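The first chain written gets the first letter, and so on, giving A, B and C; residue counts start at 1 in each chain.
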Amino acid sequence: MTPLATVTSHIAERSRQERRKATAPWLLMLPALVIVLIFFGLPTLYMVRMSFNLHVDQRLYVPGFTFEHYVNLFSNPLFTTAILTTIKLALVASLATVFIGYCFALLVWLKPARWRLMFIGLALAPLLISEIAIIFGWWMFFPKNGLLSYALIASGLIRDKVSLMYTEFAAFVGLVYVTLPYCFFILLSIFDGIDKRLLEASADLGATPFKTFREVMLPLTWTGILVAFSQSFIWTMGTYATPSALGPDTLWTMGFLIQEQMLGKHNWPMASAFAVVLVAGVAAVMVVTRSLQTERNSFHV
Amino acid sequence: MTAEPALELRNALRRFGSVVAVNDVSLHVGKGEFVTLLGPSGSGKTSTLRLIGGFEELDGGAILLNGQRIDHLPAYQRDTATIFQSGALFPHKTVAENVAFGLRMRKVPKDEITRRIAEALDIVRLKGFEARYPAQLSGGQKQRVALARSLAVRPAVLLFDEPLSALDLSLRLQLRAEIKRLHDELKFTAIYVTHDQGEAMAMSSRVAVMNSGAIEQIDTPETVFHAPVSEFVYTFIGESCCLPLRITATGVEDRKGETLGLTLGERPGEGECRIYVRPSRLRLTGDAAALPNRLRARIHFIEFLGDVYRYHLKAGALELAADHAGPIGYAVGDVIDIGWRNEDARVFR
Amino acid sequence: MSEAQTAMPPRSVEPLLLKALALAFTVFIIGYILVPILVTVVMSFNDAAMIRFPIAVWSTKWYADFFGSAQWTDALKNSILIAFGTAAISTTAGVLCAWAFQRFHIPFRDGWYILIMMPLFMPGVVLGLGVAIAFGGLTIGDYAIYGSRELVMVAHSLWAMPLVFMLMEATFKTVDYRIVEASYDLGGGPVRTFFEVVLPMVSTGIVSSLLFAFVISLNEFVMALFLTDRDTQTLPVLMWLSLRSAGTPRLAVASVILALTVFACLTIIMLWYVRQLRKVAR
């Protein structure tokens, strides 16, 4: 080959390689992108568009443009109650989950290593079980003929059968159960980044356990608490199965309404409007939490 | 003794399952004394310190601080302050807030707190560092803040948990001198834990050499160095050469049974024994000739240690090391005379 | 020095109180987590059709009933098939994507990252709704997409794939790239190197990803509720639909079977992992 030919073929080879290098990452990302863009991005856009469509008689939807569904959402007391109920339930459940999760994680962190594995296995259990199985488990615990009633009577604490089924409390218990593992693991990983000697140093200088908690643990775990809370809140905002199965029939959550509008009333635009509002709420919570997190989470030297 | 000891341990016992970490330890520490607990890892020195601080519970015995029993009090009710190995400074608090912590817990009034913080930081030579965070400090500075934090509280006893182990050599020597200076100036009572004998010797009024949960000897540094009571203490403090021998009716043999050309000034009784000599006390070649204990050995290799040359020698199964200020004019492979005085050797069975 | 015993200071109450609280909490948390599990297992062996305590007669008849019912075993089959599909799809997509992020420069990297993670933060209802609306009524030739198992697999991958991605991203970071470079140096091309050198090094991560995806898909039922029909319904969906009508131990059995499937997977993973460890240790 002449020198010129060698050089040109070399340049051609290099540019071929460069092209390959440039396209390689996109090829690798292709399956993931297909999934996300076509099965998530597209449906989301479609859903937003759908929420402005009309709904006339029995047809699923009629193309058009209207705000009526959003207006309906915020004016119909049935729906506004549902929104408030969802928020209230999510708030209370999240607070409880974070509190219980914090105590649980603290317990596991402070206990010697041989207990840790057992507790982690325990905390994993609700994650490995389907939500429906969890619902069903509590379904057999709360009613009149359930385990709770039986145990209370058998131990002599009460005389008549009692039912806590279809109460807000039952829904609350179920919700906390499902989100507890997430809170636990988030908080435990935060705790593991803290030097236990700090607790000893605090006590050594005269701080009672309560003071140590307030002065040392709380500031150092604050971001963890926020993250766990927001995770839990976001999840419980979107839930519908547990509250609808375990709670009273009047306990309507947004998730339940979406399901009802979609599968029950076949009102696609309405269902979409609900979904959009729900997602907007979730996004708002995420933004607020992010802004509350200070830069002080770089303390784990 | 008319004065009450500042700190007293009576038959302290601490078990971890089947292991006895602190085995019947008794200790009197006078006010202003600087006592070091020295020993290898597993000797129980750290456990003893933690028992005093209240981070571990006594399984038996008692601990008294200024005459009062404290062993049933939790750590936050004891008048002790600990300086930890890693400093254990609160990362989310400034230097000033760290130092103020103990004072706030003791409900010291605000202006007094400010005064004491300034005083403490001044003493450890960190004036002006009040607003810094631990992440912005070097290792040495962190330990000085830890010192200031514990000093500010003016505890009955200061507990040091190997505070210099994590630092590099020059920093260690620097801070060691600092702590000694502070002790001379402030005269606090201290229990210091370390495995570094240099630290122990340099800083303490008394050294307690610990082994397997018990104190083998507690004396001034000079006494421990020159008059160790047990084989463990002798070998732990300073460097030593060990000569395992068997004394028979006919002569001196090494453990393998080979007879050695070893002349001993004072002959120990028959049987097996170990003779110890320190490398600095071994005399070589000409200097050795007049000494009562002599041995001929071959030079195995030579180490240059800066201040001295260390000659590693072999005689039969025996291995020795002898230090000499300059080269002796012999090379590896040569056979030379070594000697030592009777008072430089210790015999243990 | 007088040998008189020095008076003991009063014992502090606080540490004891804390210890008691800790114990009480431990009992509470163990009880709280175990209650629904134990209740389900116990009830699955109940002979009576009613769910009622105390249990009068014990039997395994409901297990026989479960395996004898075509509807329920079909549901189980669907669940497992879909779970396998989800595991395959999401692991492949996640692994490749994580590798791309690790080794290549990607413009607007953070943006793509957020996009891939976004489905994780969406409630299952919303994802299910979106897919159902977008693909409802769509057909490729004779094959109706809506109601097909494949659609559910992809929908489940919306949650599983980001998780695999996160896990593999962390795993790839632990790979010693000098080994990869050694492979290139010895003449292995990028594709060869990936399959022969990189994948084996991250095999634990991959197996964990497969497991994650499988479990998530197996247990998921909100999205599945929206996207399956009578033929393709999964076991959790069937359980949900039967909740108010078939309140019998049959549901308890279904729960137990579902959980056992998960544990079977876990055990396989554990055994595989132990075998891997032994290989390295030798």
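Observations, loosely collected:
Just so it is clear, a residue touches a chain if its C-beta (ideal position, glycine included) is under 8 Å from a C-beta of that chain, and two chains touch if they have at least 3 such contacts.
In this text, all values refer to a predicted model and were calculated from it rather than measured experimentally.
Pairs A-B and A-C differ in how many C-beta pairs touch across them, and the larger number is found at A-C. Of all chains, the one whose CA centroid is most distant from that of subunit A is B. Separating the CA-averaged centres of subunit A and subunit B is a span of 55 Å. Between subunit A and subunit C the centroid-to-centroid distance comes to 15 Å (mean Cα coordinates, whole Å). With touch defined as above, residues shared between interfaces to two or more other chains in subunit A number as follows: 208-209. Residue positions 74, 77 of subunit B each touch two or more of the other chains.
Each of the following residues of subunit C touches two or more other chains: 14-15. Here subunit A touches subunit B in the complex through residues 195, 197-198, 200-209, 211-212, 215-216, 219-220, 296, 298-301, going by the rule given at the top. Residues 53-55, 74-77, 80-82, 84, 86, 88-92, 101-102, 105-106, 134-135, 149-150, 153 of subunit B are the ones that touch subunit A when the two sit in their complex. The residues of subunit A lying in touch with subunit C in their complex are 21, 24-26, 28-37, 39-44, 46-47, 50, 60, 100, 103-104, 107, 122-123, 125-126, 128-141, 143, 145-147, 149-150, 154, 177, 180, 208-209, 234-235, 237-241, 245, 255, 258-259, 262-263, 268, 271-272, 275, 278-279, 282, 286.
Residue ranges on subunit C touching subunit A, taken from their complex, read 14-15, 18, 22, 25-26, 29-30, 32-37, 39-40, 43, 50-54, 89-90, 92-94, 96-97, 99-101, 103-106, 112, 115-116, 118-119, 121-127, 129-136, 154-155, 157-158, 161, 165, 190, 215, 218-222, 225-226, 236, 239-240, 243, 247, 251-252, 254-255, 258-259, 262-263, 266.
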